[in-house]
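Worksheet: the structure to be examined is printed underneath.
Residue numbering begins at 1 within each chain, and the chains themselves are lettered A, B and C in the order written.
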Amino acid sequence: MLGATIEGDPSTMIDDLAGLDVAGPSALSFFANPKYEQLVYRTHAAAVLVSHAFSPKQSVPASLLRVEDPYLAFTQILEMVAAQMAETGTGVHASAVIETNAVVAEDAFVGAFAYVGPGAIIGPGARIYPHAYIGKGVVVGDNSHIFPHATIYHGCKIGKSCIVHAGTVVGADGFGFAPQADGSYRKIPQLGIVELADGVELGANSCIDRATTGKTYLKAGAKVDNLVQIAHNVEIGEHSVIAAQTGISGSTVLGKGVMVGGQAGFVGHISIADGTKVDAQSGVNKTIKEPGQAFRGSPIQPHRNQLKSELMFRKLVEMEERIRFLESVLQEKDLT
Amino acid sequence: MLGATIEGDPSTMIDDLAGLDVAGPSALSFFANPKYEQLVYRTHAAAVLVSHAFSPKQSVPASLLRVEDPYLAFTQILEMVAAQMAETGTGVHASAVIETNAVVAEDAFVGAFAYVGPGAIIGPGARIYPHAYIGKGVVVGDNSHIFPHATIYHGCKIGKSCIVHAGTVVGADGFGFAPQADGSYRKIPQLGIVELADGVELGANSCIDRATTGKTYLKAGAKVDNLVQIAHNVEIGEHSVIAAQTGISGSTVLGKGVMVGGQAGFVGHISIADGTKVDAQSGVNKTIKEPGQAFRGSPIQPHRNQLKSELMFRKLVEMEERIRFLESVLQEKDLT
Amino acid sequence: MLGATIEGDPSTMIDDLAGLDVAGPSALSFFANPKYEQLVYRTHAAAVLVSHAFSPKQSVPASLLRVEDPYLAFTQILEMVAAQMAETGTGVHASAVIETNAVVAEDAFVGAFAYVGPGAIIGPGARIYPHAYIGKGVVVGDNSHIFPHATIYHGCKIGKSCIVHAGTVVGADGFGFAPQADGSYRKIPQLGIVELADGVELGANSCIDRATTGKTYLKAGAKVDNLVQIAHNVEIGEHSVIAAQTGISGSTVLGKGVMVGGQAGFVGHISIADGTKVDAQSGVNKTIKEPGQAFRGSPIQPHRNQLKSELMFRKLVEMEERIRFLESVLQEKDLT
């Protein structure tokens, strides 16, 4: 099926998939990253997917399955298993509420206690899990999955083949308040929407705020992890990836293929060039114009500079002692 | 309606509201912040709200609507549109569960699958959206909105004209555990409540923990963004504003009009003076007594000092080289 | 009941429990931490639990209740009140959906709009609150509480006496994507589960991702606060405690009795020794082998070193001036 060459017992039965370090004696594993080569020699796996090029330096207890790309082959097996496990039921649960003028495609699924608001459209193959909330006029594209307790506020648009995990909120109000003379705040109504283009995945308990006017826009294939905050009028480019707990302030624009580590923050009203890489816990405080560069720190510096500054930071006490020594020498010699 | 003076075609039809940079040819925009003046000359908007004082340095393609305060005027227009779009239905959905002794005001709204616990009170004009959970004995004040999947635990009090966005949890247990001799922890019961005074707004997926005893208290007009953590027994002063993903540890007290950027953190048991400003990603580790000061960094310093330290941090490698040069000079001259 | 020795009026009526600083005239308070001794002399409490050893340096307005361990005694009183307030109803609400082959123990509670998926098992004494989602094949152990809007995805296992607070998501997909040649990402199916051992408590709106294969595993007695992110295949040791908004990246393993402050972050694929302490906002970027050590900073240093570096950081401007002065002296003396 994978076109693998087998070195070892071809009748070995596999009933588990696991990493090299935790695999048991009936598991299939894979070896792709050279960093983990030692694990190949110590694994308890029954069989390991390896590349044609791999030449063991020690004896390997497991059978070897040689393939072109072991990671891809392992992913394909995961996909086969996932396809078998996938929920496939269709239809609307008796307890679901479908409001007036909402349209649910015939082969879509709408689970128990799901709410589909007036005029909403649920496309073919879409799955609205139990407890999901689909607001007034929302469009959920073909084959998209909206998991339990996700909230899609009125008017937002979910593209095709999107995934919105449990508890994620799409389209709550942007955080906009005008300060008043008496110290109080006046709420700025948030009249825009959120649009997710095709193939966007949002993790669990993330928040994508609706725009003040216009739209907050996640372009095709963008991937967002859990507990991420994306503020009003932000734009995320195609195939950009944002790790957990990152926050992006209002009106900031990320280009294509941007990679952001966890717990990073972006100030508002800046733009980030295509292919930018931002490390975890960074604070991005300015526009980045040159594509493909890596940054780190809060506030950010180019990646290399920040690593050097961090190294020096750990030596600050020693640096201060060196300064003190120089001062004492000059003082001793009556030079100061 | 706005008392605007029109410069340009008074018959221009407007069907959209948008920022200067993204406005299309049928949009109304506004110009308030001098920083964005260049956008006025390049906008595609049909019309732009400007101040009486604005004197263009170039020709402006759009019609100009001169008003006293362009930002306020734009807000007022947003408010008019929002009022037209607002959901106004009242009554209790057939699927909602209203437990014994709960009281729902006649013109309140309780949506599908909403749960209103025993003895809870829903005030006039309040809106309990589908899937909201209102615990035992909770009071929701007049005209407050509780959005889908918000959870208000038993006994908590929501003032008048409050907004609690989707997925936010009010009144879960504070994180209190007593270490035991065997290394395990014993849960400290959390018997207090959360009280939101009038006009408080909570964003989506935030958490306000109930007090151990007494109350966690957000005073009138406080505004809290998404994914914010407010621990047990915290107090937030009137009209304080807390941006997304900030965390405030137990028993800390924020004064009035405090402004906190995103992803900031506060240790527990400290108090923060009125009007304090804290930048994003700061770590506030001590009581601040003097009102109206600005802080930054983790741990915080006064804002100016921190900016200077950050500048030096970026020059640390160079500083170390200067020290090394001084050392080499002294060594060469046999002074050390 | 507490075996307390009473100094003061034994007929004093108590109807409230509160901290020394906020206690009213009918409240019982406690004094355990010497840091707060001054509060004992100023409290308005009717009575204060103190240790047998406490010898007041000033007159104390309140009655004193002398006990072995005042904090423990106060906790015991909280527990007694909590037990009286606890919800005790059992049975399945008429509106709940229990799917085929699910088993709900006779004395378990399943609230309104709760969803219990096919083949799920709800153990004796367990409480599934309104709006909770229990996926296909999930096991919820005896006496565990699943609060409103919590989502337990298919196949996950919740031990005995666990607490999962509102909005928390257990078992959403890990964030795994394989980069493709065209810049897009291919989703890696996440086929593993999450397992919580006995006595685990999860705060509100946290996320524990399911494993790619195998399990994400929180061992007995681990305590997790609100808005925490725990990625796929992470392992958390017995009685480890993780404060709010912390994030732990994929495959990282925390030992026993680890204590993590709020907003800390851990990179993936590292392991952390038993009893490690990590301060708030730290960035843990490497394996920690020696048990019981304390760390701080981003990236982390040993706690003491980091505090010193932070002190120096605040003096960086002054350090630079000292270097400049040394340079000027040498230049003046024609030494450079």
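The rule we apply is simple: contacts are C-beta pairs under 8 Å (C-beta built on N, C-alpha and C of every residue); 3 or more make two chains touch, one makes a residue touch a chain.
Please read all numbers here as calculations on a predicted model, not as lab measurements.
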{"item": "Interface composition of copies subunit A and subunit C: same or different, split at half", "value": "different"}
{"item": "Fitted rotation between subunit A and its twin subunit B in degrees, CA, nearest 5", "value": "120"}
{"item": "Subunit A and subunit C, separation of their C-alpha mean positions in angstrom", "value": "24"}
{"item": "Subunit B, residues touching no fewer than two other chains", "value": "95, 113, 131, 149, 167, 205, 227, 245, 263, 313, 316, 319, 323, 326, 330"}
{"item": "List of subunit B residues in touch with subunit A within their complex", "value": "16-19, 22, 71-72, 75, 78-79, 81-82, 85, 87, 93, 95, 111-113, 129-131, 147-149, 163, 165-167, 199, 201, 203-205, 221, 223, 225-227, 238-239, 241, 243-245, 256-257, 262-263, 280-281, 310, 313-314, 316-317, 319-320, 323, 326-327, 330, 335-336"}
{"item": "Touching residues (chain side subunit B, partner subunit C) in the complex", "value": "95, 97, 113, 115, 131, 133, 136, 149, 151, 153, 167, 169, 172-173, 175, 177-178, 183-189, 191, 205-207, 209, 212-214, 227, 229, 231, 233, 245, 247, 249, 251, 263, 265, 267, 283, 298-299, 301, 305, 308-309, 312-313, 315-316, 319, 322-323, 325-326, 329-330, 333"}
